[in-house]
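Common to both upcoming complexes is chain A, partnered first by chain B, then by chain C.
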Partner chain A sequence: MTDDTLLNIDGLTLDFRTNRGRVKALRDISFPVRKGRILGIVGESGSGKSTVLWSILGLLAGNAEVMAGRIDFEGRDLLKLTPEALRAIRGEQISVVFQDPMTSQIPVLPYARQMSDILYRRTMSDNEKRKAAVEMLRRVGIPDSDSRVDAYPHEFSGGMRQRAGIAMSMLTGPNLLLADEPTTALDVTMEAQMIGLMRGLREDFETTIVVVSHNLGLIAEMCDDVVVMYAGEVVETGEVHDIFHNARHPYTRALLECDPARIADVSRKLPVIPGDIPDLTRPLPGCIFATRCQRVMPECSSLAPPLVPRGTGVARCHLLDGPLADPAWPPPPEVPTVARDAGEPVPPQVRRTAEPLLDVSDLNVRFRTMGPVRARIRGVSDPFVDAVLDVSLDVKPGETVALVGESGSGKTTLGRTILNLQQAAGGVVRFEGKDILGMKESRFKPLRRDMAMMFQDPVGSLSPRKSVRALITEPLVIHGAEGRNLDTEAERLADMVRLPRGFLARYPHELSGGQARRVGVARALALNPRLIVADEPTAGLDVSVQGEILNLMADLQAEHGLSYLIITHNLPVVRHIADRIAIMYLGRIVEEGPAAEVFAAPAHPYTRALVDGVPQPDPDRRRPPAAAIEGEVPSLLRRPTGCDFVSRCPLAREECRMAKPAHRNIAPDHRHACLFPLRKTPELTETA
Partner chain B sequence: MSVPPSDPVPAEALELRESASRERREKLSSFLSDWQAVAGLVLVVAFFASAIFAPWLAPYDPNAMDIPARMSGPSWDHIAGTDQLGRDTFSRILHGGRVALYIAAIGVSASLVVGLVLGMIAGYGPRWLDNLLLLLFDAVRSFPAVILALATVALTGPSLTVVLAIVIITTIPSYARVARTATMALRHTEFILAERSLGASTPRILFHHVMPNVIGPLLILAAMEVPVVVSIEAGLSFLGIGVLPPQASWGTILNEGYLVIRDTPWMVIAGGIPLILTTLGFTFLGEALRDLFDPRMGRGR
Partner chain C sequence: MLNYLLKRLGLAALVVMAVLLLLFSMLHMIPGNPAILALGTRATPEAIAAYSERMHLDEPVLTQFIFFLGNAVQGDLGNDVFSNRPVTAVIGERIGFTLALICTGMGWAVLLGVPLGCLAAVRPGTWIDRITGVFSVGMIAVPSFLVSIWALLLFSLHLRWLPAIGAGEPGDLSDQLSHLILPAFAIGLGWVGYLARMVRASMLEVMGEPYIRSARAFGLKPRRIVLGYALRVAILPTITLIGMGFGGLISSAVFAEIIFSRPGVGKMIFDAVSDRNFPIVQGGVLVATGFYILVVLFSDLLIAWLDPRVRASL
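Our next item is the complex of A and B:
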């Protein structure tokens, strides 16, 4: 333990007692946290990264049991402290930024009260405490903080709430700040702002930060040191450049290669790490990653891998040292180590000349904000908000169209309206030329064979008390399964989505996210639809699994000539799978065009902000400073009169505030809604 | 692509099944280590057994009079004594239990079913229907069961059918409210939306997807409602508007005992004990079931 170490975790081993037996959640975790640096712990779900964070603070679940190890902080072992001593450290010297500011802040107390309560140990007057709170809120970028300090959490927007959460954790001037997925609940444009804010705070207050995240881009952009965890073990540690440019552990390498944001060439087939994390209730000799490793050797599953140091970091792999070392490992970064996919490349099936399968024009969806009586009393003549405003969009047979937007952009509402799950206020939706908008359910039902939907939450969109078998055959039952053997159908569908047949007897809560997503795909495909509306198909999935689902969807598209309308906020993924992209902001489509073109040379400033806003999993490629746009998506209740984006647009001019810009074409298949587009000609500018 | 090995039943699936049965075993053992749960179970089983097998267990015909032995206390011949007509009180209690079981079983199950259906309709249907049904539930609940029964009997005359109808009508709202709240919480979940997107009809959504998720709390409520129903029946029979003499019921035994309480206390005691035991039994069992199925609501002691 050297002088610049603030916190040192050494040999931490921890079990969870469950009725499945003892889950060995953490095994021999060791790494130092260096003073004044930002350390990122990265891993997929089940890696134990959050458990490490909570064991630092002694805030583990009741069934956790520390078996061995120590956590040294300022000369004391945190694991041996009395509850009183630990409480004195919590909040004062070590504090936390939580993932979801909505649930981690007290809804019934204003920030002034919550923040002065945090200072309860200090002998300060109430006035001084309030001043400290105002000052800290100002520091994290909350405007008019001397009046906003009296606001309640629900009066703040999501981004402001997270800023306030950071302000609360910084209020006591802690030496160590722990951040648990601090941007996961936020939109891309907010994420960029938070990264900037936390780096700035580190400079100003010389705070050491430990951030836990599954987001490689966030880790690369924010951190100085990185710890990579897999299934309860540290597989590699090191400085951020070493990890991202010269990863030595096969898992780190594979994880980086799977991140769609890192894959430069556009490819419908994404790399994946096959398999699942091992069962942690069993004894685990050898290397923890052996079951999924591309370079696995027979000895890997029995012999514990050596710990190989490099610089300030270590890696745990047989390939690096000892009798099994391979001097050719690791290969140069250009050489892929993860198999792309054994399947043959997908032949393009798109028939551009075909009539659109789905044709949406001038669709409007409005939500009531108050009852008619209250509106009359308050004198509100128009008690509605426009969730979807004059949207026109088409999907051709065999085509993949992506609808991209931040939360509140109306993209999910649009998808549900197309499928007649939500009432529209006006417009036309045609499916195969037939007007289907507002059709009665009894007449719409036959159409549901042709149009299916995949929902956001892979597990939550499955009826919890039904078996997988019942779930995937249900569409057949609903639409009449005369003469079909449901058992064979269930097996056929399971095979189609590559779900092992043994899973048919399981229930949704017994499935992992990726397995549940496969069930969702099977349900959507059961009736051989022509169009699938997929709402965030990769939400809640790990990087290594999302590739499997997207590859599956691409294969099924090639096989069955499906059309996809993919609703998502995840731009890096969309770049690989979409033919066309439509960008939505506040319910309106601001730009639409061929995917490659929209990415390479966006016309609308918002599109550019989204494209540039994606955190790059490359520590050297800092985003252009102009990319981070100010503010956040305004509430639909306060829609600007002019261009919807005017309040955040760096290029806004006076004309932009006057009227909504109409859609204009810069190419036959590329249109936008901006008065002063970033480009006017259809030529692709290679420099962009 | 990662096609996991095509093992017909993967090892982890087997293990999962194994762990599920282990979980069941653990739940059972924690249930059996709770003395209240065991006591509840024993009392409830005793209630069912004594009512069902009453004709074989009863030492005498419940209506056979033995005037010389009237109003005797407990003895080897009559373990719970006799009433003013010399009928064996123990036999009458056993047969009275049949009435209690009849009312409890039919009353509770009928109001459970009706309450469940109405509650799901209120929770899932349009707003106006919800409001209408709520109004109905509140209207019914605003009448005390006994007053409602007295009013009805004034029109129809006393009978067991009237008691049953009153019991069903007055207990429906409690089931319906629980079912309604649970349904409303499910209404906007993604899996219900997913069912709608597949074209599932409303009855299918309600009976296949909503019902399995709301029935648990209702069954626990039903166990807790049994003693309520039994005491309503006893109360109404005590007032003479339920079971008609000479038929035995715990309420009529209490009523007859009450008339002669200055001469002998044994009839009131003998009529009261089964009521108390039944109430305790079902309450203990209901609480134990609640702890079992919803550990979050576990007793915070």
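Our next item is the complex of A and C:
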């Protein structure tokens, strides 16, 4: 342990006792955390990265058992401390920022109370504690903090809550700050703000930070050192630059290559790491990654790989040292090591001249904010908000259109309205030329065969009491599959989505995230639809799996000529699969155009903020701290006058506050709603 | 807030009306002429007719109901058929006994059940959790009138620790309290089990919430986390249960008052139903309904006071 080490984890081995047997969740975890630096632990779900975090705090689940190892912090082994001694350290010397600020702050106590509770060990008067809380809230960027300190968590927006969460963790001036997926629950523009805030706090308070994340962009942007974990083991450590530019472990390499934000060439095929995380109740004696490794050798599954040091870290692989070493490994960064999914890149199928399959024009959806009686009493003449405002959009046969926006942009409401699950206030929605808006359910039902929905939460949208066989044939049963053999149909659909037939007998809780998603795709496909509306098709999936689902969707499109309307907030993914992108803000489409063009040269400042908001998985391309646009998406109740984006736009001028900019075309298929677009307009043609 | 209160009170008035209408029609559907009952079987037809007219018994049921409502609004619930005293006075001298019984019964159930549930939730799987679990089910399963009879037999007849019947000498507080113990024990026992189970279940749920883990991660004391954080949230559904529980306790009190011969409203209603003493039945039910509605309203307001999210939605 050298002088600059604040925390040292050595040989940490931990089991979870479950009814399937002992899950060997962590095996021989060792790495130091250097003083004053930001260390990132990166890994996919099941890698044990959060378990390491909770081991440091001594807050493991009741069925966890530490088998071996030590965690040294300021000369003491945290694993040997009494609960009392450990509690004295928690919140004072080691503090935490949590993943989801919506659930990690108690809803019934105001911030003033929650924060002074954290200071209970200090000999300060109540007034001094309150002052300290106000001061810290002000530091993390909460306006009017001396009055907002009395607010309850539900009175804050998502971004403000996470700021308050950071303020709570920094209140005692801890030496070590642990952050567990600190931006996963936030929108892109909020994420950029949080990264800037935490980096700033590190400078001011000289706090050492350990951040756990699956987001490579966040790790590259924030961290100095990186630990890569896979299936309960540390496979590689090193300084951020070494990890991202000179990764030595095949898993690190594969993980980086799978990140859609890093893939420069736009083709519909994304790389994937085949296979699943191994069963940790009986881990293999050799390398844990052997079952999925693209460079696997026969010895890998029996011989433990050597720990190979290098300047700033270690890697655990046979390719690097010993009799099996390959001097040509690792290949230069531009050489791919992960095979792209089998099959040729899919040629675009869009018939641009064809009649649109789905044609939405001037669609409006309004939500009532108060009852008619109360509105009259309060003198509110228009007790509605516009959730979807004058939206026009079309989807051609065989085309993929992505609807992108932050939470509250109305993208999901729009999707629901198209599927006749939500009433519209005005406009026209045509499907194959037929006006379907406000159609009675009895008349609309036959159309549901042609328009399917893929739901956001793959497990939550499947009935837990039905088998996969029953689930994927359910649409057939609902729409009367006379004379069809349901078993044959189930097998046909399982084959289509490449789900092994053995899975048909399983229940949703026995599926992994990717498998549950395949079931969702199979359900959507059951009736041979022409259009699939997919709500966040890759949310919650690991990087290595998300490629599988997107490749599957692309293949199905090529085979069956499907059209997709993809609703998402994930821009890097959209770039690979969408032909066209429509950006929504406060219920209005602010820019729409061909995917590549929108990315390369956005016209609307909001589009640019979204594109720039995605942290790049490359430490050399870090943004300056001030790059993030300020503020949050305003409430629909407080829609700005003039341009909707005016309250956050860095380029806003006086004219922007006057009237809503109309949609203008830059190119025949590229339009935007900005008075002062970032791209010069060749000819100003107003569209209706 | 004021809006909400007015709305709730308006709803309460509607509920009272509906209950009374139901009761009114039921009383008139069961056989037995109240005039004959009041005057005796040997009363002359003229006397019966005169009585019926005075009590509006010859009017249609709906008219009778409207008369009753109109009077009730003015605080006149009619007169006892037998003693001819105002119903309000009869209820007034008995309601104290019932209120004391119900509140003591629920009071000790809360004081024992809530901590038991907490303890069981904080140490799940230990002996205290198991014992609480077994006893809760046992206490819920035994009807309160059986508990009353057993308690009466054991503590009054066999052990002679506590008095068996009546409510104690007026003015003698300790005597009255000693008469209160057994019936309150009997009607509260099941609620100890209910509350312990309810609090345990919601505490277990809350203790698994991320914000409890946050409090632990900030190093707060375990006692503060359980009482100041977890219980603060877990108690909210329990308050609703307690509020509704008062309704159940009113009917438990009927049995307890009959068995222990306590001169409360429950026994009064029971006697009045057997005697076809309509005004007393109506008045008694009106008071019971009103009491129940007020308790439920109070529990909802208490929740709003404790939970800022509910407060914001009022």
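What we mean here is this: the second predicted complex is superposed on the first by the 675 of 688 C-alpha atoms of A that agree within 3 Å, B and C clash if a C-alpha of one lies under 4 Å from a C-alpha of the other, contacts with A are read in each partner's own complex, and residues count from 1 in each chain.
FYI, a contact is a pair of C-beta atoms (placed from the backbone, for glycine too) under 8 Å apart; a residue touches a chain by one contact, two chains touch by 3 or more.
What you see is a predicted model, and the numbers here were worked out from it, not measured in a lab.
Visitor: By the touch definition at the top of the document, which applies to A:96: first (chain B), second (chain C), both, or neither?
Guide: A:96 contacts chain C only, not chain B.
Visitor: Kindly classify A:20 by the partners it touches after superposition: chain B alone (first), chain C alone (second), both, or neither?
Guide: first
Visitor: Kindly classify A:585 by the partners it touches after superposition: chain B alone (first), chain C alone (second), both, or neither?
Guide: neither
Visitor: Scan A:109 for contacts with chain B and chain C and give back first, second, both or neither.
Guide: Only chain C is touched by A:109; chain B is not.
Visitor: Determine, under the contact definition given at the top, whether A:118 touches first (chain B), second (chain C), both, or neither.
Guide: second
Visitor: Quick one: is A:168 in contact with chain B, with chain C, with both, or with neither? Answer first, second, both or neither.
Guide: second
Visitor: What's your read, chain B or chain C touching more residues of chain A?
Guide: Of chain B and chain C, more residues of chain A lie in contact with B.
Visitor: Taking the two structures together, which residues of chain A meet both chain B and chain C?
Guide: In the superposed arrangement, which is not itself an observed complex, chain A uses no residue for both chain B and chain C.
Visitor: What part of chain C is in contact with chain A in the complex they form?
Guide: Counting only chain C, the residues touching chain A are 209-221, 224, 228-229, 232-233, 306-309, 312.
Visitor: Could you pull out which chain A residues touch chain C in their complex?
Guide: 57, 59, 87-92, 95-96, 98-100, 103-110, 117-118, 120-121, 152, 154-155, 168-169
Visitor: What residues of chain B sit close enough to touch chain A in their complex?
Guide: Against chain A, the touching part of chain B is residues 1-4, 6-10, 12-13, 15-17, 19, 22-23, 26, 189-191, 193-201, 204, 208-209, 212-213.
Visitor: Mind pulling up the chain A residues that touch chain B in the complex?
Guide: Per the touch definition, chain A meets chain B at residues 19-20, 272, 274-275, 279, 341-343, 416, 419, 421, 441, 444-445, 448-449, 452-453, 455-457, 460-466, 474-475, 478-479, 498, 500-503, 505-506, 510, 520, 523, 548, 551-552, 555.
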